[in-house]
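Chain lettering (A, B, C and D) follows the sequence in which the chains are written, and residue indices restart at 1 in each chain.
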Amino acid sequence: MIKIGIVGGTGYTGVELLRILAQHPQAHLVAITSRKEAGMPVADMFPSLRASVSLAYSDPAVTDLAHCDLVFFATPNAVAMEQTAVLLDGGVRVIDLSADFRLRDVPEWEKWYGRKHAAPELVAQAVYGLPEVNRAKIRAARLVANPGCYPTAVQLGLLPLVAEGVVDLDHLIADAKSGVSGAGRKAETHILFSEASDSFRAYGVGGHRHWPEIRQGLAEAAGREVGLTFVPHLAPMIRGIHATLYARITQETARTAGSDTSFFQKLYQDRYAAEPYVDMLPAGSHPDTRSVRAANMCRIALHRPQGGGTLVVLSVIDNLVKGAAGQAVQNMNIMFGLPETTGLTQLPVVP
Amino acid sequence: MIKIGIVGGTGYTGVELLRILAQHPQAHLVAITSRKEAGMPVADMFPSLRASVSLAYSDPAVTDLAHCDLVFFATPNAVAMEQTAVLLDGGVRVIDLSADFRLRDVPEWEKWYGRKHAAPELVAQAVYGLPEVNRAKIRAARLVANPGCYPTAVQLGLLPLVAEGVVDLDHLIADAKSGVSGAGRKAETHILFSEASDSFRAYGVGGHRHWPEIRQGLAEAAGREVGLTFVPHLAPMIRGIHATLYARITQETARTAGSDTSFFQKLYQDRYAAEPYVDMLPAGSHPDTRSVRAANMCRIALHRPQGGGTLVVLSVIDNLVKGAAGQAVQNMNIMFGLPETTGLTQLPVVP
Amino acid sequence: MIKIGIVGGTGYTGVELLRILAQHPQAHLVAITSRKEAGMPVADMFPSLRASVSLAYSDPAVTDLAHCDLVFFATPNAVAMEQTAVLLDGGVRVIDLSADFRLRDVPEWEKWYGRKHAAPELVAQAVYGLPEVNRAKIRAARLVANPGCYPTAVQLGLLPLVAEGVVDLDHLIADAKSGVSGAGRKAETHILFSEASDSFRAYGVGGHRHWPEIRQGLAEAAGREVGLTFVPHLAPMIRGIHATLYARITQETARTAGSDTSFFQKLYQDRYAAEPYVDMLPAGSHPDTRSVRAANMCRIALHRPQGGGTLVVLSVIDNLVKGAAGQAVQNMNIMFGLPETTGLTQLPVVP
Amino acid sequence: MIKIGIVGGTGYTGVELLRILAQHPQAHLVAITSRKEAGMPVADMFPSLRASVSLAYSDPAVTDLAHCDLVFFATPNAVAMEQTAVLLDGGVRVIDLSADFRLRDVPEWEKWYGRKHAAPELVAQAVYGLPEVNRAKIRAARLVANPGCYPTAVQLGLLPLVAEGVVDLDHLIADAKSGVSGAGRKAETHILFSEASDSFRAYGVGGHRHWPEIRQGLAEAAGREVGLTFVPHLAPMIRGIHATLYARITQETARTAGSDTSFFQKLYQDRYAAEPYVDMLPAGSHPDTRSVRAANMCRIALHRPQGGGTLVVLSVIDNLVKGAAGQAVQNMNIMFGLPETTGLTQLPVVP
């Protein structure tokens, strides 16, 4: 059994971690901290966990996490970077679900997150936890930076094209739509039910923190910088990300590939053949976000409208699972030598 | 392994059965029939089941279910009653999720369902599959009539009061709200998204088929007829039933019970202490339907507003799980001598 | 033209007032105050009002409302009671959309609202602004207490029965469901999209501030105290209240009325025949809340399930219109001698 | 008063036409036909129109529309083209809300709509009813082809750029999201509440009928063919279209325009300065669809993320109003010499 602590378990990624870990045969949850809710039984706050989680939130100031094997940070940004060094020094492994260790370029991080990084020396040793890219490194990692939700959907959707260099890398477009839970469980007006329901809008078009994260991943795959326009939208649903990705086929590729999608389809199928949590659909499919609701899965479909020069890739995940807590547990399984699918076998909830 | 057939698996109770059974360690699904979709792989229709369900729908006319240990009917009403006798005769056990065998009183059934009953002789041997009431009989049953969704929520919410005779049995009120999936997966205008979303309404106030079913169960518990006003409503959500139940405390009971809820709370706690799928909340709680979303659970809370003469009981279930497919699998577990919770341990999905 | 000021215009009743008044031919909006948003153009906060409302929010501390003919308070409770006296003294009429002047019984108000009333002397002269009951008094009023949303739906649904004394007045039940906008535009966790969407729950079962308000109105109509169990629920929709009302027919009435609804139907039709904003549907109808969406209308339907002893009344309103801002403008029209329907003719938005 | 007939008034564009026309001071509705609902009072089907629309649906076979001044077709495709010639010959003007006369290129129409066109001779005289482009022609038109919903949002969003030739016309991208009412009021499974709610998906990526319509309009503005990738999506909301449009700035333009949006912003503001129903927001805004809910308005905002080479235009409309019935009434006003805003002044409904 892996002894697990969770720092900051009152948000949506926290409660989703609890839901998954409570059903994980090798997970032994020993502590969950919350400054604000210290003393409150978890199941009082989330009655869905009654009889499954008997812990109460504990005060982070007095909670000893040093005897854990693994600590998850499900905190707002800028918390993990303050507390990780001590844990690592004590031999505890860390998976950070916040953004503190996602960007390799510390000044870039400081620009986007608007503050000084508290542990730049740890950034270098952090492994970006996208198993489909970094499985081997994750296995050996002591500190994993769990990817953001948009970056997971967009990178998985574009990686095969980018790695193969068969599309115009200077003008990629990611039009992404997210359920409202992606904005977290903060009491803010714009995500009230009466504001966000029955409406749709873009946000952060001028610049979103997931943009540099996506570019970093794609650049690494491409071996060069990439140009990306990224537009996130808020959709009136609880969970789910739908990324609609546009990539122009390079002239040379077009010559090779003809006017259909089979060349590209094979590229994706080969790339993801052994992946338990990437499901390549038949070309021309239209995955809906509910097909991955509450499950650790990314489904991808490829289109080439009118046999033309632009590929359209559709990539869907549940932002709280493959886009957060589920991927974190997948990383845990890899780090601790468990079968990668342990505790992650729940089927999507449809309808 | 239990060899299982499903008749009629394209509706919501059918796909929910598939979701649950695909994760059940003792279930071996051998056939699933659909007249309309014969030949189509289940996972083409429900991509959420890709890699989990490899069967295709088969034509009921040519599908041999005789070698199954158990057949579930997830059909519209009036199908199971035509096909059950043959299966039973062949030694196959049957759980009917439709309404064909729920009412003991055949003429009453014929009045509410508007047709002649095709197998009145089976009605008598059918066991009403509410485990909290009929566990022993279910264990021995060859034919189980799985309860309706409203009847499950309402009966579990009222049974302790009714059995104990501590409320006015002539004037019970059940104001019940259901998610739209309760209306099934039929192409009908009134349950279109643009009709049912962002709106709320009652329906069937003049008479609903679940009314006689609920009264039958309550009457049996009371040992006498009961008076019940039952008003179902359509709520703009996918899953969930919230039953708000009103019962007037009898004068005698009021004398005994004082002005608080402790007497009644104890009644419920005692009644459901050993039940794995009834969760009695602290008095004064307000369970939301999402606290049971996608899980086999009924949560109940008791109120006595202003310490007055009327009890208010809140009872929530997921209509597709404890109100249909989950309860059916719970019945299967009982019938086949498995631990009752086998394959039914998934936690509710929140948010 | 009526010169109008609005105190506190950033909440939902405020913006709804703006929407209605901007389309009202006799309304001249001269000031709208907000402490927090002072200086911000209204249309920056609510782009739906671009080109229609050119005012900016002004600081209440420096806004002179003395030259208004009428001031609406669209504030949280306990603001209007502090500021109304000065306005009235200066000859300004006041319509308070908050609860400060709704309860005649000041100690009762203080118990439910948890504070000392700042202007008990004004309570006596305030007129409860339910036009269907108090039209004549509203005409002469200088201070109108605009009814709460639940109280509007419930009172309009029960008044004919209660005034006529044909039902058991000791055991009325009001099971009411509200859209989330009824909870206001406060940044609170429980009304976040991801909390309230796709779920349903009761709240305040132990006691809700609208309970004494409803009882006051019904008692006045009955000429005696009434017993009422009131259970509010939160439904996953933006607007709308659906009140399901249960009243037991008295024995004497039952003798007179036979087993159908015609006696009661006539009672309602007679009572509301001349009302522009109460629409009595044919008996047996099931009004949905969308049939009044964004319109100043209450639709009511009557049922007598199974010809039995309990009447079921369905009453729907838009909580922000007939339940708040629309009714306030209806009151304004009455107070200022305008045709009562002026500026209130918009049709419901369906779908 | 304009004597108006509506053919096919049971769908969403039909009922929306009714809502708008019933509030239009110059509209006199004389007939509304429906084969299926002949004889049923409109207000029985849509109680929201009680007291506002007293007509009943009449059988199209026996309804004389010859005495109308104007007939709206709110029918499925391929109805108007059969019936328009007779009406025009009788001096009745026609606005077709279906797609029969939208495409100038008849073989193209026949390819996309899968049938022979019944009135190719009328296609030439039909005026495409986008007032912002064709106002003068609409004024003189006897037959107006009312634009599709997506084409309205996308064309208004791209026209200034395309007409000016400042972007790469070969690689435009329109990523469009629609509320479910855009799919009509047909009883089809995929638009059931339980299918479409709390989920998001693309559809028709391989080819959608609005693609040639959009290209036709853009090509006309550009004076040359344009390349367009168009991806429609279904969003879980009732009304609203959000088009996110991507256009690459040409090198020459980039030199002129610098790295900000002011050059482009001015282009739009100039183009739409006199338009009553196009609202150009400040650069960098994020319009939500609810800001135009139930109103005849298109709001547009311009972005240039990171000061880069790709412009992002956000364009929102209510698909049933500016995308259908509202625009049809705007066309009617123009055709009959009324002020263009007559009867179209309702403000958006927020929240």
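In this section, a residue touches a chain if its C-beta (ideal position, glycine included) is under 8 Å from a C-beta of that chain, and two chains touch if they have at least 3 such contacts.
Model, not experiment: these values are computed from the prediction.
Considering the contact criterion stated above, the chains in touch with chain A and with chain D alike are B, C.
Averaging C-alpha coordinates per chain and comparing to chain A, the farthest chain turns out to be C. Counting C-beta pairs in contact across A-C and across A-B gives the higher total for A-B. Here the spacing of chain A and chain C, counted between their Cα centres, is 45 Å. As a whole-number value, the distance joining the C-alpha centres of chain A and chain B reads 37 Å.
Residue positions 12, 179, 181, 185, 194-195, 197-198, 236-239, 287, 290, 293, 351 of chain B each touch two or more of the other chains.
By the touch criterion stated above, chain A contacts chain B in their complex at residues 12, 15, 19, 22-23, 46-52, 181, 185, 197-198, 238-239, 279, 281, 285, 287, 290-295, 299, 320, 345-351. Of all residues in chain D, those touching chain B in their complex are 12, 179-181, 185, 187-189, 191-198, 236-238. Those residues of chain B that touch chain C in the complex are listed here as 171, 173, 175, 177, 179, 194-195, 197-203, 205-207, 227, 229-231, 233, 235-240, 242, 244, 246, 248, 284, 286-290, 293, 303, 305-306, 308-310, 312, 314, 316, 351.
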